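Scrolling down, you'll hit the structures one after another.
Next come two complexes built around chain A: one with chain B, the other with chain C.
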Partner chain A sequence: MKFLPLVLANLGRKKIRTALTLGSFAVALFLFGLLVAIRGAFNQGIDVAGKDRLMIINRTSLIQPLPLPYRDRILRIPGVTAVTFASWFGGVYQDEKNFFPQFAVDSETYRNVYPEFAIPADQWAAFLEDRMGCVAGASLVQRFGWKIGDRIPIRSPFFGGVWEFNLRAIYKGQRAQDDLTQFWFQRKYFEEKGPPYMKGLVGWYVLRISNPDDAVRVTKAIDQEFANSAYETRTQTEAAMAASFVKQMGNIEFLILCIGSVVFFTLLLVTGNTMAIAVRERTAELAVLKAVGYSDRFVLGIVLAESLTLSVVGGALGLGLAKAFTAGGDPTGGMLPVFYLPPASLAAGFALALAVGVASGVIPAFSAMRLRVVDALRRV
Partner chain B sequence: MVRLGRGAANKGLIVARDLDKKYVRGSEEIHVLQGLNLDVDAGEYVAFMGPSGSGKTTLLNLLGGLDVPSAGTITVAGDEITHLSRRRLTEWRARHVGFIFQMYNLLPVLTAFRNVELPLLLTHLSKAERRQHVETALKVVGLQDRMAHYPRQLSGGQLQRVAIARAIVADPTFLLCDEPTGDLDRKSAGEILDLLDVLVRDHGKTVLMVTHDPRAAERAQVTLHLEKGSLVESEAVPA
Partner chain C sequence: MSAIPFVYNIESVRARWTSAIVAVLGIAGTVAVFVAMLAMARGFEATLVTAGSPENAIVRRAGATSEMDSIVPLSQLRPIEDAPGVARAGSVPLVSAEVVVVGALPLKATGTDANVQIRGVSPRALDVRRHVRVVEGRFFKAGLPEIVVGQNAVRTYAGLDFGSRIPFGGLTWEVVGVLDSGGSAFDSEVWADADVLNQAYQRPPGIFQSATARLVSKEALAEFKRTLESDPRLTVQAESEVEYYAKVSRMITNLILGLGTLVALVMGVGAVFGALNTMYSAVAERSREVATLRAVGFGVGAVVLSFVAEALLISFLGGLLGCVAVLPINGLTTGTMNWQTFSHLAFAFRVTPALLAWGVAFALAMGLVGGVPPAIRAARLPVAAALRDL
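On to the complex of A and B.
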C-alpha cells in the first residue's frame, strides 16, 4: 500500500490521457454489458427451457396448426407425464409498437407444464372463473400500469375485431431470466370468438416427460405416431426449439462475438499504446528508481499496477453503467423481453477488463524492467 | 587518503583494482577505462575531472554499481561488488550509494517530501519513522519549509537540494555526484558546494564527484584527472 501514492501520482501525470483511457475502458465494458444483455435476451428461451419439456409443432411450419385430439394420443405415449397446448394470438394493444406475446392457453393444464410461473391462488381461481379473464406477466403489468380488474382491449389483425379481456391474475418468475411479458387468456374464449376454421385446432403442444434422458426416444415416438397423417409433427426439446428461433434471426451469437472481439482488440491497442508512451516518456524517472535501489521486478510491477488500475477503474465504471442501464429492463419496448445483466457476466466482464489491463501493460512493463540505468540516463 | 597506485592491501572504503571498461561498437572496441586503480578512504571528498569522453561518468557508474566493469574488481566496505547479480547489485545500491545527478532527476509528480521518501520505501521503516528521516534530511539541506512543494514549484538550486536530501536520507556509505552544479547558476552552485562541504565535514560523508567546474573541484580534498581512461594526477588539498 505504501507504493499506491506512486502509482496514483503516475496516473495523474497526464490527466486528460488517463481520463481518455479510462473512458475507453468504460465504453468498451459498457458495450460488453449491453451485448451480454442482448445475447441473453435472444437466448432467454434457451436459458429458461425446461430440461423435461418438449414442444410439438406442425412439421410444415410453426404457423400451421395441429388437431386438438392429438392431446390424448400424446398422453398415451410412454414417458409423457403432462401435456398442454397454446395458440398464437398476435394482437395489438393500443399501438403496433406495444408488442408483447399473447397466447390462448389451456387453463386446466398450462400451469402443470410451466410450474416456474408463480400466481397467487385466489387470482388463478378468479382467472378460471372468468371466460374473458387473462393473466399477464409482472413486467407487462408494470409497463402498461395495469392492475387487477382492468379491462384490456386488444385488436386482432388475424382473427378480426377488438377482443376485451379482464386482468384477473399476474404471474411472476422464480429466476431473473424468466419472461414476464407474456399475456395468456382462456382457450375457451378463443374457440368461442375466433374464426370457425380454428375450431378444434391448436398452435402447438408442450409436454413434460418423466426422464429428460428419455427425450430422444419420446421425440421419435411422437413423430412416428403422427407420421403420414394430414398433420405431421415435429417434436423438439424446448431448448432446441428456442435455439432454432434465434437461428432464424441470423447468427446473433457470432455477430455479438465479432463486435465484442473488435472492441476489445481496439481497447487493447489503445491501452497498450498509452502504457508504452507513459513508459517511454519517463525513462529517466524509471532509471532513477532503479538507481536508488528499486528492483527490475518492482519497476515491472509498478507499470503493470498502473495498467491494472486503469482497467479496474475503467472496467468498474463501464460495467456499473451497463448494470444501471439494464436495470431499467427492455429498452426496445418489447423486442427484448428479458433484458438484464447477470452477476456472472459482470464477473466475466471484470475478468476481461483485468486481462486487457495485464495484456496491454505487459510489453511496456517488460521494456521498463529491462531498462539499463546507464543507457537510460545517457539518453536524458 | 586517496591512492592511485596498486596498494599492497585493500584498506580503503572504496577500492578499485585493474579496472577496465570497454564498449563494442560494431567491429570497433572502445576502451573507456584501462587498468585503473583507486583507493578512497571513508570521509574523503574526491573530485574527478577530465575532458569529455575521458571516462569520468563511466567510472562513477562502475563505482555506484550502475554498470559492471569489463575486467578488474571494485570493493566497497569489504564487499566486492563486481560479481554481484543484477538483483544483488540493486539491493547493494539501495544500502550503500546516494546518487546526485546534474539534472536532479526528481519525479515531477511527487512532492519534495515524497521524492526524498522514495529510498526509504524500500526499507522496513514505519510511516512515522520515514517521516522523521525525511524531515531530518530536508532540514539538513535547508528545505524543511518546502516539503509539500512539487518540483515545478522549486528553483534549480532547491531541486538539487531535494536531490541531495534524497541521496542522504537512507544514510548511504558514500555519495556519487555527477556534475551536481552543471545546471546551476553561480550562486546556486556555490550553495550546493557549501552543502556538500557540510555533509563531508559535519556528517562524515564520503563524496565522489565528477565535475567540469574547477571551482567545484577546488572544494574537494583531492582532485583526480582522468585522461584516456587512466587516472593521471592527484592533487591533495590540506584539510
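On to the complex of A and C.
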C-alpha cells in the first residue's frame, strides 16, 4: 500500500493516455451492463415464473379461447390449490406506439394466484366495487402520468369502440424483475360490453399447485381431462411457457455473447497496448529501481498494480454509469417492460474488469521483471 | 506549401504495427456489429415488404391495427369485388378473402412449440398473389382439409414435410404442396382453404379478416380506396399491400435498429478512445520526426493533414476488415417472433452495398474524431524544444 503514491504518480504522467484507457474500460463495462439488462428484459418472463404456477391454453394456439366451465373441473384435479383466468384485450391507448398488455381478469381469484403483486387494501376494495375499475402497474402509471381516479379511454380494435376505465388501484412488485406495466380490469365489464361470441369463454387459465415437484403429473391429468373435447388444452409450467416465447424471439443469448466477446477482446488489446508502451517508455526507471535493490517481484507487482488500478477505476466508472442508465427504466418506450441491472451482474462485471486488468498487465509486467539491469541501463 | 507524401503515413503505420492493429481491430469490431444490426433490420423489413405486391390492395376493417384484429363479413365482400379497378380472370374478380390464425407447432431446432401463421385463403389466391408459386406438389382443393406450406415453414417446423399429415385445430390436414414466394413472409406461412379453416377453428362461418384484391394497375388504388371508404354499407379501409406490410414490420425493425444503434454507438465511443490512444502515442513517440518535418519546411497544415490522413488510413483498414468479417452473415436465415402478428417469421440477414458503405463511413467518422486532436497536438509541438531531445 505504501507504494500506491508511486503507482498513482506513474498513471498521472501521461494524463491523456490514462484518461483514454480508463474511458475504454468504462465504455466496455457500460456496454456489459447494457447487454445484461437487454438479455434480462427478454428473459424476464422466465425469471418471474412461479415454480408452483401452471398455465393452460388452448391446444391449437394461444389465441383460441377456452370455455369457462373448465374452471370447476380443473379445481377438482388433486394437487390444484387455486385457479384463475384472464383474457387478452389488445386495446390501444391514444396511439399504437403506447403498447402495454391489458387483461380482463377474474378479480375474485386473480391475486390468489399472483401473490407477488402488492396493492394497498383500500385501493383494491375500491377496484372491486367499481365495475369499470382498473388496476395498473406502477411503471405504467408513471409512464403516462396517471393518478388514482383518472378515467382512461382505451380503443379496442378487436371488439370495437372506445372502452373507458377508472383507475382504482396501482400495484407494485416485490422484486426488481416483476413486470409493472400490466393493466387489469374486471371480467364482468368485459362480459357485458364485449361481443356475444366471447361470452363464457376465457383466454387462458393460471393455477397454483400444492407441490412444484408434482407439476408433471398435474399437467398430464389436466390435458387428459379435456382430451377429445372441442377445446383441447395444453398445460405448461409458467417457466416453460415463457421460455417458448423467448426461443421464438431468436438467439438473443448468442448475439449478445458475440458482441460481448468482440468488445472484451478489443479492450484487452487496448489496455495491453497501453501498458506495453508505458513499460517501454520507463525501461530505464525500472532498471534503476532494480539497481538500487528492489526485487524482481516488486517490479512485477508495481506494473500489475498500475493496470489493476486502471481496471478497478474504469470498471467501477462504467458499471456506475450502466446502473444509472438502467435506473431510468425501459429505453424503448414500452417494448422491454422490465429493464434493470441485477447486483449479481454488477459483481460479475467487476470481476471481468479485474480479469482484463490482470491479463493485460501480465505480459508487460513479466518483461519488466525480466529486465537485465545492465542492458536496460546501457540505453540511458 | 506542399503536403507530406502519403507513403510516409503508410511506412509509419507499418513501423508501429502493434498499436495500429489494436486500433484497426477496435474499429473493425464496431463496424461489424453496426453493419450486422442494420443487416438484420433490413432483412426483417424486406421479408415483410416483399410479401406485398404493388398492384395489390388489402382491405381491412376501419381502425384495425393488423389483420389479426380485423373483421370483414361475407356481406361486405361483394361490394369489394365489384369496386372499380379490381382485376378479373374472365368474369371472376381476383379477390382473396382471408382469415389468419396461429397454430402451435414444434420448431425443428429446439423441439419447443412456436406459433406458425396459418392463412386461410381463397382458392384463387395464387392469381391474386402472382409472386407466390407452387414448387412441389399442387395447390389445395377447395373444401378439403389440405394445406400448402411455405418453404421456410417446411424447414423450420417438424411435421410439415411434403406429403405428411398433421393434426391441428380438430382436423387432420394433408400437406399437398410447397410454396415459394421469393423469401417473403409467406414463406413462413401455412395456407389452407379459408372456409375449411374457419370451421376447424370453430369460428363463425362467413367472417373473414381481410380481403386482398388484385387491381388492374398500381394507379387504380386511389379510385378503389375512395369507392370503398365512401360506401355507406362498408366499414373498411383499403391500402396498398406493400404499405401494409411495411407498417407491420415497423415495430420489430425499430427495436432492432434502436438497440443496435445504441450498442454500436457505445462501442464507437470505445473504438474512438482506442484510436485516440494509438494516435497520441504515435505523436508522442514521433515528436522528433515531427519537429524535423517542421524544421525542413513543412507547415502546420501539412502536419495536421498528414496525421489525420494516418488516422483515416487506420480507420479505413478497420472499416474494411469489419465489412469483410460481417459478409458471411449475408443470406443467413434466422427467425424471430413478430409481435404484431404473434407468429414466428423466418428472415435472412441482408448485407447490401449501401450498408457496407455506411459501415466504412462510420469507421472514417471514428477515425476523424480519433485523429484530429492528436494531429493538432503534433502540429503545436515547439520545434526547437522537440529537436533538442536529439
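One rule holds for everything that comes next: the second predicted complex is superposed on the first by the 378 of 380 C-alpha atoms of A that agree within 3 Å, B and C clash if a C-alpha of one lies under 4 Å from a C-alpha of the other, contacts with A are read in each partner's own complex, and residues count from 1 in each chain.
One rule holds in what follows: a residue touches a chain if its C-beta (ideal position, glycine included) is under 8 Å from a C-beta of that chain, and two chains touch if they have at least 3 such contacts.
Being a predicted model, the structure only gives us computed values, none of them experimental.
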{"item": "Partner chain(s) touched by A:259 [first = chain B, second = chain C, both, neither]", "value": "second"}
{"item": "When both partners are placed on the shared chain, which of chain B and chain C touches more of chain A", "value": "C"}
{"item": "Chain B versus chain C as contact partner of A:290, first or second or both or neither", "value": "first"}
{"item": "Chain B versus chain C as contact partner of A:13, first or second or both or neither", "value": "first"}
{"item": "Contacts of A:61 with chain B and chain C, given as first, second, both or neither", "value": "second"}
{"item": "Residues of chain A defined as touching chain B within the complex", "value": "2-3, 5-6, 9-10, 12-13, 284-285, 287-296, 373-374, 377, 380"}
{"item": "Chain A-facing residues of chain B, complex", "value": "61, 64, 66-67, 86-87, 90-91, 93-95, 99, 101, 103, 105, 107-110, 114, 118-119, 121-122, 127, 166"}
{"item": "Residues of chain A that touch chain C when the two form their complex", "value": "14, 16-17, 20-21, 23-24, 27-28, 30-31, 34-35, 38, 59-64, 90, 92, 96, 155, 157-158, 197, 230, 234, 243-245, 247-251, 259, 262-263, 265-267, 269-270, 272-274, 276-277, 331-332, 335"}
{"item": "Complex contacts: residues of chain C adjacent to chain A", "value": "18-19, 21-22, 25-26, 29, 32-33, 63-65, 68-70, 101-104, 107, 110, 112-115, 168-170, 201-202, 204, 251, 255, 258-259, 262-263, 266-267, 269-271, 273-274, 276-278, 280-281, 284, 334-337, 342, 344"}
